[in-house]
């Protein structure tokens, strides 16, 4: 058994190769368009991994994570564009605001069983869209805010090429994945797993479901807010439609579902597959046909639910188990 | 005196718009009450109804108000088809799967509409769009009055169906105890198909009815999601009568808030109502709702 | 003719509850199945009405294979099942509950006539016809459950512990009413914990223990049996 | 001979049904109390009311001078009153070890120590060789035992066991009884056991409480209760 590629040295070797492949990507990709896509993979992969902490691990489907993303994104552009402050200060601010919103939504809904959490999170989205549109002094209204061009550098998060930004995004993705893996294997992870599999039994096992879900939601909101902040810095622009877009939530859910919600690496895998595919599709489909790409996402969601609810990760784990005799 | 008049006008407007809110939400609560599924695509079905009426109006010159019953029938067929293909397989699946599947359905509908009609704001022209009625010194736009009249008629028809017909009673029986209904020879799958069809029929009909006073575009469903959810949560998930009352309440609150707030912010108080309802439910104040056993009582 | 069960194996998931059970209810028969909780009596009735899928054996009613039918098509053969715990529709009126029982009866006159018969049998239900069934007392709810099943004019009525939760006086009443129904030609398959009552009214009985039939015979034979006492109280 | 749990005037109501009527009794520290009664007598309702899964409408449950009524169930578990459920509730897609480790988290801050503790508990119940098996692959008897192990992992002072022997054969029942008595003897846990298997209950119970129509109709030594006319009537029915 020891010689099988399941043992620790093999695993570490695999992680190192994956890390090297990730960080060397700009070298062999060369075109800045490809690197830009990779930045999106990292940012949305990180955000989807964040969504998965509550949506996948605890099976509490949030349809409002766009809000945390948008809060983070607005924080950066407002700090840089309106207030002239460092984007690095915007990140903690975004986290704090997102966590406050998360607590307010989780507090009543996690005391209830049933559909209330999903309902409440979805209802949150139009509210923030309204606020961002109306509060013109802060957000620039529906026109949005653009960040002025600043001297490039780490302090301004503006660069001449997308490559430096890619490294920042990649570091975020790696950190978030480490967090997700750590949670999976932590006390909280086991509790969330119990809640996901059998809420009734987890109460009998002494699990405080409310607290476990709250912890996961807070972490989740914080992670997504950071990804949003970097997204704002990357675009150097934000308006209500971009920040509080229903598509963002959809993407976070979809990446996680495609990759496999039970796995810490599932959402990132989903992003890696779907984002380039989506970019390719939207380059090919123009005008009204652009909607067809999104339509395909909807079809994909339904097919996944009906036929492969565990995503690619689920398929992979079956193959893995057959090959190695071990569970993933 | 002037202020009093403003308030009265506002409340009256709120009741008109509120009855429409009840109409667009009642199908959502009907589906939940019978099947225990939240249809997250409900807003998109509203949009489908609006586009159906838009198409009938621009292609054949038919008035949305006249065509509405036909749109409702088409909506019923669409809903029944969707139930059979997508909902039926997940009726016993975990809640998360049901959420994702209906969300996926909504995405298909919205983007399907975008592919056909383009991502534009569209509207129809009707001869009565500028007309108003006056009563007791209050003024009402004809389009709102007609829409509200439809809502009242549909509420009455729905109540008659559920309380007076054999089929409606069998549907309520299935909602209250699926297993026992089955033992009596009632086919639950058939009931679910009809319930989902009816829920979709009501909301597509509503889409047709509201078209004369509003704009339609493929992603408008998202705009109505907040109102629909507030209405069904406030009324108690699965309670028809609750949804109707809550629809009126939400309409009045929203309308009154425009006296104080700019009209762009009229959904903010709606959200506050939604949030307060959630807090009250979780605090056990609306404990009736908490049991989620509010199963299609008398409407 | 009647109901014939041969080597029935049934259960939930991977767990087999009934191990090759055979029993018969002839036309016009009154059969009781008695046994302690957990013996598999409820599973037996559920397998007949198709709400639990059998894994082996056969169930045939008047020449029809019941195992080939989905649950909602079993009542079409005029088999009515009064489930354990009544399972009435709490938010429907008594009248509507009863009428739900006549869902398969398409003839309006027959529905009205049967309703009259049920009201004659349970005058209490007539008095309360407009009341929400959920607000009735336990005994009245039991009447609704039985009355609802009778609305089908079944050839075979199956009852799962109709005495459960009833005061002794009401138990006697319930059984007398049931005897009346049987007298009109309906076969009865009764599952009971309340052995005394069951054996008093049934013609024949089976004793079930741990998913097997351990004894059967006429009710008189079984009435005095020490075995039954033992099966319940373990002494 | 002190009471560890005192149930006082506990009542429960569902719709029109009076499921529990002023149920009162004491459980002595270290005893095994059997609960019997016909279907629908209110036995599981009583358990759910004690641990707060379905809180009662009135009454008290005194545990170490503290009223458990109104305390959320996971806190009741933490305080030392655990329960198993009527239909086996385990985490189907989790390993047997982790099933128990979830409960061990109450007293362990790390996964590692929780799993270690869980291993010990599995050994007590004879499940150690199944530690890495996924729970859904177990037999019914093993799953029932697993649920007991998970409940005992909370180190409860009182454990409520709801029909854990349903569907088990005689050999399995005997094994489970032995383990339960061992837990009672060696680990001092007070047991309240709902069981339809009378032979089993007679064998392990120090006293038996009989419920009918949601009310206590008898409480005493097993031999006494099984001869009690009201109990016999409740089971076999009266003329």
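As written, the chains take the letters A, B, C and D, and residue 1 is the first residue of each chain.
Assume a contact is a pair of C-beta atoms (placed from the backbone, for glycine too) under 8 Å apart; a residue touches a chain by one contact, two chains touch by 3 or more.
Protein identities per chain, from UniProt: B = Branched-chain amino acid ABC transporter permease; C = ABC transporter ATP-binding protein.
The model shown is predicted, which means the values in this text are computed figures rather than measured ones.
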Chain whose Cα centroid lies nearest the overall Cα centroid: B
Inter-centroid spacing, chain B versus chain A (mean Cα positions, whole Å): 32
Separation of chain A from chain D, taking each centre as the mean of its C-alpha atoms, in whole Å: 43
Averaged-CA centre spacing for the pair chain C and chain A, given as whole angstrom: 55
Set of all touching chain pairs, with the criterion as stated earlier: A-B, A-D, B-C, C-D
Of chain D, residues touching chain A in the complex: 53, 73-75, 77-78, 82-85, 89-94, 98, 101-103, 105-106, 109-111, 114, 134, 150-151, 153-154
Footprint of chain C on chain B - complex, ascending: 166, 169-170, 172-173, 176-177, 179-188, 295-298
Sites on chain C touched by chain D in the complex: 14-15, 17, 36-38, 84-85, 90, 134-138, 141, 161, 163-165, 167-168, 171, 192-198, 200, 210, 228-229, 232-235
Chain C contact footprint on chain D (complex, rising order): 15-17, 38-40, 140, 163, 166-167, 169, 196-199, 201-202, 213, 226, 231-233, 235-239
Residue ranges of chain B in contact with chain A within the complex: 38, 40, 86, 89-90, 93-97, 99-101, 103-108, 110-119, 218-219, 222-223, 225-226, 229-230, 233, 237, 262, 264-265, 267-268, 271, 274-275, 278-279, 281-283, 290, 292
